[in-house]
Structure formats: C-alpha cells, structure tokens
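In the part that follows, the structures are each spelled out as structure tokens.
The following pair of complexes shares a single chain, chain A, combined with chain B in the former and chain C in the latter.
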Partner chain A sequence: MLLHLQRRLLAVLPIALGVSMICFLLVYLAPGDPLQTLLPPDADAETVAKLKQLYGLDRPLPLQYLAWLWQVMGGDLGQSIATGRPVLSEIRRSLGNTVLLAAVAVLIAFPLAMLLGTIAGYRSGGWMDRGVTGTAILGVSLPNYWLGIVLVILFSVELGWLPASGMGPDGSGTFNPLHWEQLRHIILPVVTLSMIPVGIIARTARASISEVMAQDFVTTLRANGLPERRVLRHAVKNALPSVLAVMGLQFGALMGGSILVETVFAWPGTGFLLSKAILTRDIPVLQGTILVLAMIFVATNLAVDLFQSSLDPRIKRG
Partner chain B sequence: MSVTTTPAPVLAPPLAAPRSRGYWGTVGYRLRHDPVTLFFGALLLMIILSALFAPWLSPFDPYKESIIRRLKVPGYMGHLLGTDELGRDMLSRLLHGGRITLMMGFVPVLVATLVGGGLGILAGLAGGRVNALIMRVMDVFYAFPSVLLAVAISGAMGGGVFNALLALSLVFIPPLCRVAETATTQVRNLDFVDAARATGAKLHLVLWHHVLGNVLGPILVYASGMISVGILLGSGLSFLGLGVKPPEPDWGLMLNTLRQAIYVNPLLAALPGIAIFLTSVSINMVSDGLRSAMDVRL
Partner chain C sequence: MMKLPLARIGLAFGFAAGLLAAPATTRAETVLRVAMTAGDIPLTAGIPDQGFEGWRFVGYNLYDSLVLWDLSRADRIADIKPGLASGWKVDPANNRRWIFELRKDVTFHDGCTFTAQDVVWNFERFTKESAPQFNARQFAFARGYLTNFESVEAIDSHSVAFTTKTVDSLFPYNLSFLMMVSRCRSEEVKNDADAFARNPSGTGPYRFSRMVPGERLELVRNEAYWDKARIPKHDRLVLIPMPEATTRAASLMSGQVDWIEAPSPDTMPRLRSAGMQVITNAYPHNWAYQLNFVDGPFADLRVRRAANHALNRADMKEMLGGVALEGYATLPPSTAYYGKPIRYEYDPAKARALLREAGCLPCKITFAISTSGSGQMQPLPMNELVKAQLEEVGFQVNLEVMDWNALLEMSRNGRERHRGINGINISRATQDPFNGMFRHVISSQWAPRGSNWGHFRNDEIDSLVSEALATFDSEKQLPILTRIHEKMSEQAVMLWVAHDLNPRALSPRVKGFVQAQSWFQDLTPVTVAPR
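Let's turn to the complex of A and B:
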C-alpha cells in the first residue's frame, strides 16, 4: 500500500507542475503586455523598462516561471487589480462556500443516482432502464445555468418561496444547517448543481450494476437459493467502488464547474469570484483561482484513486 | 443385367445464405429501425436547417430595436415569440442565434477530432517515447475540469467568438486524443495487423485499411457525444460574457441579458434555454443511438 501511495504521488507531481505551468502561461495568453494593466497608456519607454526589471519581466520565460512558482509555494498569488487585496485572501474567503455547495450537491445526488442506477441496471433493457437512461441523458443535456434561471422564475418570482440569490443574512460567514434562513438560500443552487452529477453517477451505477448482474457469481448465489434482495445487495457492494470513484471525481469537477451556477445565484464562491474577475479583466485573480481549483481537482482525483484501490482489492497495488 | 441407375439424389435447393449487410449496412439497418434516434435526428436536422436558413425564415430583422416594443409577450403585433429587452423580435434572434451556438458545438469538435484524433493515432502507432510525450502533455490538460479550462483560456484571452472556439477546441483535444490512442493501441496489437505487415503490406496501406478503419468508429462516436458538451460550454461562455459580443444574437448571451427581465416577462428568459436544451438533447440522443447501432457485440 505504501509503495502504491509513493508511486501515485510521484505520478501526480509532474501533472501538478504542468498545471502550474499552464496557469503561469495564462497571463501571456492575455492580449497585450502583462504590464499594460499596471501602466498608464502614455508611459514612456524608460518607465516601462524600469517596471519590467522590477517585476522580472525582462528575464527569460523559464526563469520567470521558477520565480513565480517559488512565490506561489510561499502562498503569494499576487494582488487583485480590482480590489488591491491579496489574491489568496480573496480565494480563501470564497473557497469554503464553493466546497459547501459542491459537497452538498454531490451528497444529495449520490443516493438518488444510486437508486435510479440500481433499478435500471438490475432490470437492464426493461422499460425502467429506458426511463432512467433517458432521464440521465436529460440531466446531462440541460444547461444547468438555464435550469437555475427557470427555478428562480418558478420558486422566487412566481411563488416567492425561496430567495433568488446570495447566501443569506450572515453572508459568507459560518454556515449552519439548522439556520432556516441560510438553508433557504442554498436549496436552489444545490438542486441546480446536482443535476449533472445525478445524470453521470446514475449512468455509472447502471453500467456497473448490470455488469455485475451478468457475472457468474450472481447465478451461483441464485442457484444457492439466496433471496433476490440479498443478491442485489451483493451486486450493489460490488458496484460501489466504481460509483464512489465517479462521485469523488464529480465533486472535483463541480468545484471548478460551478462557475455558471454561482453566477446565476450570485453565490459568493470561487466561481462567482472568477466570473467577476473575467468582467473586470482581473488577471491575477483569474490565474490564482484557476490554479487553486485545478490543484484541488488534481488532489481529489488522487484521493479517489487511492481510496478506490484501498477499497477494491482487485485493483493492483503494485 | 440391367444396370440400375440410382436416381441422382435430388439436391435440396441451396440454402439461402443469410444476406450479409456488412458492417455499415448493419449500422444503417439498425438506425432505420430505431424510432427514438430517428425522431431526434429529424429534430436536429430541423434545428440545423432553421439556423442555416435563418435569414430567409426570420419574420423580422434580428437587430432592429424598438423602444416601445420591449419585452412583449408572444403574439404581440406579429412577434410570434415576443420581443427582447431592446424590442427585437425573439423568433428572428433565436433563429439567427442558432448559427453561432451550433458552430460552437461543431467546429471545436471537428478541430479536436482532427488534431486530437491525429495525435492519438500517432501516439498509439508510435508507442514508446512519442506516446509518453504526447499522452503526458494530454494528462496535464486533463487535470482541469472542462468548464474551468474553457473559462481559463477564453477568460485570459478575452471574449470573442474566435477565442471561444479556440478554448473549446483545446478542451476537447485531450479526451479525443485519449480515445484515439486507446483504440489505436488495441488495434495495433491485434494479430491481423501483424499478419498484414508480415505479408508485406506497406505501412500506409496497413494504416489506411486496418488501423484507421477500426479506430475511426470509436473516435466518431465519442466526438458526436462531445458536440452537445460544446454547445453547453459555448453558450455557457457567452452567458459569462466571454464568447459572442452583443448585439450578435446567441442563445447563451440572450439567456444572460434576458435574465434581468424575469420579473417582467419570465417566459422570454426561458426560451433561449429551451433552444439550447432541445439541441443538446437531440445531439445526445442521436449520439447514443449511433453508439448502440455501431456496437458490434449486440
């Protein structure tokens, strides 16, 4: 197990470095010089050269990257152009809200999707299966930002039951699930965000359950006279590792993918931060947020991988 | 002695050999007998045609604004689907908007199929270091959630249709490369490829007839599923203010601008989303039908 852990960590390292490299290069994708955002348009050549030297922009790109990486490792992601605050503190204030949103969305999606997928996989080919598969396709075809708007129209504008945006009275403070006013604010974003994971997890569950049901040991169990309910329990047990893995991956994907839903609901998370940074062309915030979210995605993928191999002895730990 | 001639045994009429349709014949046969896929295929065709012929189908000029006719309900003064926040005809804008949205779906997938598929086949055929180099670079891009990568690239480069198309292409290249690489590696190690090489077939002939023929199917099925992702992501970028610039009509952008009007006329804000949804669901259904029609194990 320890060897496996070591090997996985070693494999992740170059990926993490590559991700940081892409994030570093994002600044150079932006039109114009990175300095342009800092300088007045009529700055003379001397000032430009001075600033270039000050920021190390006159050095070759690989050196700049290393210097940047060193800074980032030390926790310095630069400063927001729009607010002047350090990017890291901006991210810190919003990251928790996104984690909360993504975690609740996945936790709600999982049992529902598992139920749908098990029903469909158990009777694969039947009408229930077709119904569930169709629903799963609808789930991944829905633009979730549109679903969010429709839910706002229904429950906020027409019925007036739930708030249309924001996070409630305490804002981004501590979230308390017993606080009804805060709970009200999270309902619509969570429902909207869980749409895609429901579709994807249900599909996976269906595929793995129907695969398990076709295996020989199921026939043996039935031949031994095991009641159908207990046969199903075995099937679910066998299918669970891969479904849990997809669930973990979905959590990571939602962390980065909640930008549209957060924008619709003005949910003060990292997605909302990103969408504000795009509007104000605040490149340091854009770069820092994307770096952090991508690293979280890499870390969740690694965690899922390790978790899965510790759960399922069939996966080689070599 | 008379030679008794045994009557020649009456030969049973030769059994009609089961008519073989061939691979693509079977795929076509299955598709023709799949009503769900046919229905969504027809719907998709209709959407594509109405986007193509938008200038001739539109009852109004999609850019013509009218201050007194803002946010009107469907049916108002000949505006079949009402008017938007600047008094422009919704139906005409939806028809025209389909052009860019469909382009966001098809162009990046086409580019990614060519580039990613090509790289993947190359990696699969070359193996060794070339494979490692290509696939490790892809792994890095894979390490981003797709929405995040699209937002990162087009967010850094700034809005505009071209930048959005470029960002989406970059998002789709790694998955297509992976699919192509897996399929190619599988095919390359099959005996019949070795057999073809052993009989002296030229490398490019083996490539053309054996490898490409067997690899193209999985790549195309996978790519067809990506088109709807492209449409959702592309409209999402426009929704965020990346992608299409106003006053150009685009479904994602319309969704964004009409969002402010939900308290006045909520139905209008739902319309562009319905268009996106119908398009992406029909592409997914057609892709799914294609996948099962092309499945040789069935």
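Let's turn to the complex of A and C:
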C-alpha cells in the first residue's frame, strides 16, 4: 500500500508538468493575448510592443514557460495580468467558495443518489426502478445553465423566496452558512449543481446493486434465511467500490467548479474565475487555476483509490 | 410633592423628544446597488480597466480628471467641461503649448491638497519609466490618450503647461481620460499600485469604503467634494460585477440590485411588466464595418455606396427590439457636427444598378466579425441579417467569425496583413472628433500605426482635419468638423448599420437619474427610496 502511495505521488509530478505545459501552449495557440485587456481596443502596434516588453511577454515562449515554472516551484503562482492581484490569493478565495458549494452539493447529492440507486437496483424492473431511472436520466440530460435560469425565474423572480445571485449582502468575505440570510444564497446553486451527480451516481448505483442482487451468493444468503435487510447490506457493500469510483470522479468535477452554474448565479468560485481568465487571456490565472484544480482532481482520485482498496481487499494495487 | 411629578413629566418629554429625534440620527443608509456587465471590479488604482464601464462606475466616481464630461443633459451628445482644471487656453505665443488653470479648493480623500505638482507627478506615473511611481498598467491605459503628449510642467502651484508634439486643438479631450490619484497615499504605500488599489484616494464625488475582490466595491459619499452640486444624494454606492445578462435581470426583479446595465432586448418587456424603468438614449456609438480601400471591391466608391443602399436598417432595428437607432453615418444625429450627410436609404434597385455599373456582380466580399465583444451588441444575428440583405442585391458575403481578441488584433495589424478581408466589424466610440472620425480616415493613421484599418486616403479630408486641429476657436471649428463628417458620408467610408441606445434598467425606487448621451453617466443625483 505504501509503495502504491509513493508511486502515485511520484506520478503527480509529470501530470502537473504536462497539465501546465498543455495549458500554456493552448493559451498561446488561441489568437489574441492577455495585454488586450489592458489596452484600449484602438491601441497602436507600438504601444502593444512596449507593453509586451514591460510585462516580459516579448521573450521566447520556452523562456516564459521556464520562468513561470521556476516561480511555481518557489510557491509563487505569479500575478494576474488583468487585476494585478497575486494568483494564489485569487485562487484561494475562489476555491474556498467553490469547495463550499461542492461540499454542500456532495452532502446532498451523494446520499440521495445512493438511496435512489439502491432502491431502484433492489426493485429492478419495478415501477420504483422506472421512476428513479427516469429521474436520473432527466438529471443527467438537463443542461444545468438552463435549469439554473429556470430555478431563478421560479424561486427568485416569481415567488421571491430565494435570492438570484451572489453570496449575500456582504459577499464571500463574511459568508456564514449557519446564517439563514446567507445560507439562502447557496440553495439554488446547490440544487442546480447536484442534478448531474445525482443522475450519474444513481444510475451507477442502480446498475451495480441490480448486478450484485443477481449473483449466486445473494441466493445463498436468502436460502440461509438471512433477513432481506441484511441481504441488502451485503449487496450494497459489494456494489460500493464501483459506485465510489464514480463518486470520486464527480467529487473532483464538483471541486473544479462549474463555469456555467457559477456564471448564472454570479457565484465567485473557480469556475467564475476561470471564465474571466479565459475571456481576458489572463495566462497566469489560467495556468495557476488549472494546475491547482488538476492537482485536486489527482488527489481526489488517489484518495478514492486508496479507499476502494481498503473497502475491497480484492482490489490489489502496486 | 410637586417636584417628583414634574421631574417625571420632564423625563417623559425628554424621552419622547429623544424618540422623535432618533429617526434623524439613525436614518437608514440609502444604498444604490449596481450590477455591471463587467466580469470583475474595475481597477481602483487610477485609470480603470473594463473599458468605458470602468470609467463610468469607478474612474469618474473615485477620481477626477483635469477635464470632465458634462453629463447633466439628456438631449444632446455630451461634451467636455472643466474638471480639476477650472479652465484652459492655448499659449498665444506657441500653439503647441496649453495652459491649464487648476482649482484651488480641491483636496484628496486623504486630506492632501491638490496642486500642480500632483499633475506632474501623475503624468510621470503614466509616462516616465524611471519615476518611482511609474506603473506599467497605468501606462497601458493612458498610452492611447498620450500619443500627442510631449511634456508637462508646473508653472506655479495651481497652473500647468502641456506641450503637444503637433498642433492639436482637441488635446483637452484626451485629458478627460487621465485620472489624478493622490501622491500622498501612493507614497504612503511606497508607490505599490496594488496596495494603493486596496485603499485608493482620489478627489472624486465618492470615497472608497471597502472591497471584496472580484465581488463588490463599495463607495460612500464624499461630503467634502469640491463641486457642491455633485455631492451624491445617496449614502453608499455598491458595484457588483455580473456578466450574465439573465442573472442581472433576475437580480433586479428579485430586488437584489437597484440598477442593471445592458439588459438584453428579450428581457425588456418582462422588466417593464415588473414595473422596472427601462431607460435608453442615443450615445456616441457606431456599429459599422470599416472597409478595405485597397484590396477588393470596396476600393470602388460605387460598391461602397451600393452596400449602404442595400441595407434595410428598419429591419435591423426591429430585430433588436427597437433598442437601436438606424445608422446612416458615423455619428448619431444628435452630435453637434452631424451636418447633412447623405442618407443611404434602403434602395435595392439602386444598389444593384451601382454594382452593375462597377462591374462587380456577383460581388464577392469577406467580412471579419466577432462572436461577442465590448459594444458589439448582438454580433452574430446582426451580421447574418446584413449578409442576407447584401446578398439580395448581388453581393456574395463570406463571414469570417472569430474571437473578439482576434478581431482586435486584426484591426491593429491593418489591411496589409489581411488582404482577403474586405471589412471588419468593430463598433466604435465616437465621443470626440478624433476618436469618432479622424483616426479612421486620415492617412497619418494608416494601420498598424493608427486606426485607419483599410488605408483610406482622401487629400481633402486630410487637409480639413489639419485645419480642424489648428483651429482653436470652437465656433470656427464646428463647420470644419461638420464638413469632415459630410465628406466621410459622401465617400461612404464605412458600411453603417446602427447606433446602440445604451439600455439600462432601474428599480422603481431609483429616482433622479438623467441618462446623458454618453458612455459615462453621473450617478450623484440619484436618490433611492426606502424599501
């Protein structure tokens, strides 16, 4: 196990390097450059050249990349070209907001999805199964930006029950989820964000449970007179590793923030930060954010792997 | 015996008086909450970013420039007025030297007095790389307005002299974009622009209160503002970045904000039915195509005129839900020097005849357009409609769609590097004669040196522009500017389509706002009724 952990941790380095390099190249392959946001639309070529020199963007690409890499190794992700603020503090602030959103979504979506999937898998072929499967497909199929807007129109504009955007009257700085006036702001984004994971996890859980329920050992358990409640517990335990793998991926995706959901609800998370950075070609913010998110994804998958191994001794790694 | 009741009565009166007085001292703070289209809070360290929206909400509220815009009227295109400078004149002995008299009663928010030395210090912040206060971002924002700036000197404590590289009667317009920040505060934070941005100090009608980066900026009334008529009539101004139009509309209707910028045309009927005030007005905006005058069919005046006659601008206006003016020339008609340009009415037969006469039928053209961008309105459906209308009279239009940044880069490079492109669709601000007209048509502005993308050249226009720049009497200058605009129309230097109407929606609680015909707006007269 320890060797496996060491290997996986070592593999993070090339992944980080690859991610940063691909991101760097992609940003440069796209037309336009980050200085466009600093310049008036009609700035002349001489001004552009001068500013490139002032920002060090006139150096060859490999040199720029190496300089950035050297900075990152020293724990500095540089400064945003668009705002001038340190990238690390921008990411820290927005990541906190996204993690809050993702954590609440996970707390609601995962148990709910597991419950629905288990019921559907246990009652495979019945009306409950059809109902849950239909709901899950709906959850996966609804575009979340559309759902977000519909929820806003219904609950904010028409009914006036919940706020439409932001994190409350004072922003994220003083956000307290224990305070109802602020907690109200998270409800619609969480519901919107949870729909896809609920759908995906419920479908996976349903498939795994129904597959396990068809296995011989379940028949044996029943033949031995085990109550149905305990039979189901065995089935859930056997189905759990594959569901966990999907949960891990969904957790990673939620942590990455949703550009669409965060934009619709003006939620100042990593998705919102990324969308701004993409539009303004803010390379330091883009590179820093993608690197941090990629690392979170890798760490999440690693944790899920280890958890799976501990749950199911048949899964041997390393 | 009598003492006690009297004391009690006195106490009771005192208490009642206290209660009555209480509302005056604990009056609820009036707050104006604005949802901007920007994705982030505009920079607070002087000249803002985020385009003219940054100037509108942060620049002209936290700061002043030597020259300001008169935003008090809604019936004509706004023009400049004295700001931190109470007046200016050109030196009678040297027409490249401008003398600006500064106001004597101005203090920065930090209490320091505004003097001529502050002006020099600020210009060094924009231009002098060796100065400790030099800032590359401020250089970038200021550069476009300083192309003709040579030097500045303090004559005495409250007057400065600017020297321009060439004779330039329009030089004061450029100064309206250059914000004066406090030298005291900057030196207090060792000229660190980011530290300054976190606690800025200017001379504007609002003072900085607090900021949550990326989420909200709060400004409060500057009671000591030098222009007493413009001391804000509300206590606090909250600026919230909200780039998604639907979110802005929903936030207004659910009462989370009081004011939204640029509601999309499809949300306007719903906003109106919810009791919101939807306000529009003309402003100096031009949605048009700059043409390639060297390569391809638009080198021929007849083809340029044919394209202008092919457009049914009423259809375009209808498609935009009425939130546009039909665009027949570079400037909106309420501009003082609009004159009497040719009105290129929709006339498909005339357009076809002109194409036939020019020997260009079918006439193949390619336009470079963007998917979005500042001031671009709804570029995709608008371009599709233009294409359909042009094709009806004999053009064959190819739309080369690209990202906004790529289109800006193409515009900077000029036609030489894009010979296959016959026009670029970039909307322009036309707030002053140089930016609105000259730079697109004079030969000294040929791209990549300037903004004359398609290398238009007309000796008469060149000489009229030189004359306008050397005419310092505005009454004598007006007919020259008018002639330039009319001449641009005769030459069909663009394919004109529309002028935006600058829509915004306000809660019914918001009163007193006058929407100026400008990219900038004065928020100070606005009052907000309690909820």
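Keep in mind that, in the parts below, the second predicted complex is superposed on the first by the 268 of 318 C-alpha atoms of A that agree within 3 Å, B and C clash if a C-alpha of one lies under 4 Å from a C-alpha of the other, contacts with A are read in each partner's own complex, and residues count from 1 in each chain.
We take it that a contact is a pair of C-beta atoms (placed from the backbone, for glycine too) under 8 Å apart; a residue touches a chain by one contact, two chains touch by 3 or more.
Predicted model only: the values in this text are computed from it and were never measured.
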Contacts of A:138 with chain B and chain C, given as first, second, both or neither: first
Partner chain in contact with A:163 - chain B first, chain C second, else both or neither: second
Chain B versus chain C as contact partner of A:149, first or second or both or neither: both
First, second, both or neither for A:77, with chain B first and chain C second: neither
Partner chain in contact with A:48 - chain B first, chain C second, else both or neither: second
Partner chain in contact with A:263 - chain B first, chain C second, else both or neither: both
Partner chain(s) touched by A:94 [first = chain B, second = chain C, both, neither]: second
Partner chain(s) touched by A:278 [first = chain B, second = chain C, both, neither]: first
Partner chain in contact with A:221 - chain B first, chain C second, else both or neither: neither
Residues on chain A lying within both footprints (that of chain B and that of chain C): 30-31, 149, 152-153, 157, 263-264, 275, 279, 281
Chain A residues within the chain C interface of the complex: 30-33, 35-48, 50-51, 54-55, 82-85, 90, 93-94, 149, 152-153, 156-157, 160, 163-167, 170-173, 263-266, 268, 272-273, 275-276, 279-281
In the complex, chain C residues that touch chain A: 39-40, 43, 45, 49, 136-137, 139-141, 143-144, 147, 193-194, 197, 212-216, 240-244, 246-247, 250-251, 253-256, 274, 374, 402-406, 408-409, 411-413, 426, 428, 435, 439, 447-451
Complex contact set, residues of chain A against chain B: 14-16, 18-19, 21-23, 26-27, 29-31, 137-138, 140-143, 145-147, 149-150, 152-153, 157-158, 252-253, 255-257, 259-260, 263-264, 274-275, 277-279, 281, 283, 286-287, 290, 293-294, 297-298, 301
Contacting residues of chain B [partner chain A, same complex]: 136-137, 139-141, 143-148, 151-153, 155-158, 228, 232, 235-236, 239-242, 252, 255, 259, 262-263, 266, 269-270, 272-273, 276-277, 280-281, 284-285, 288
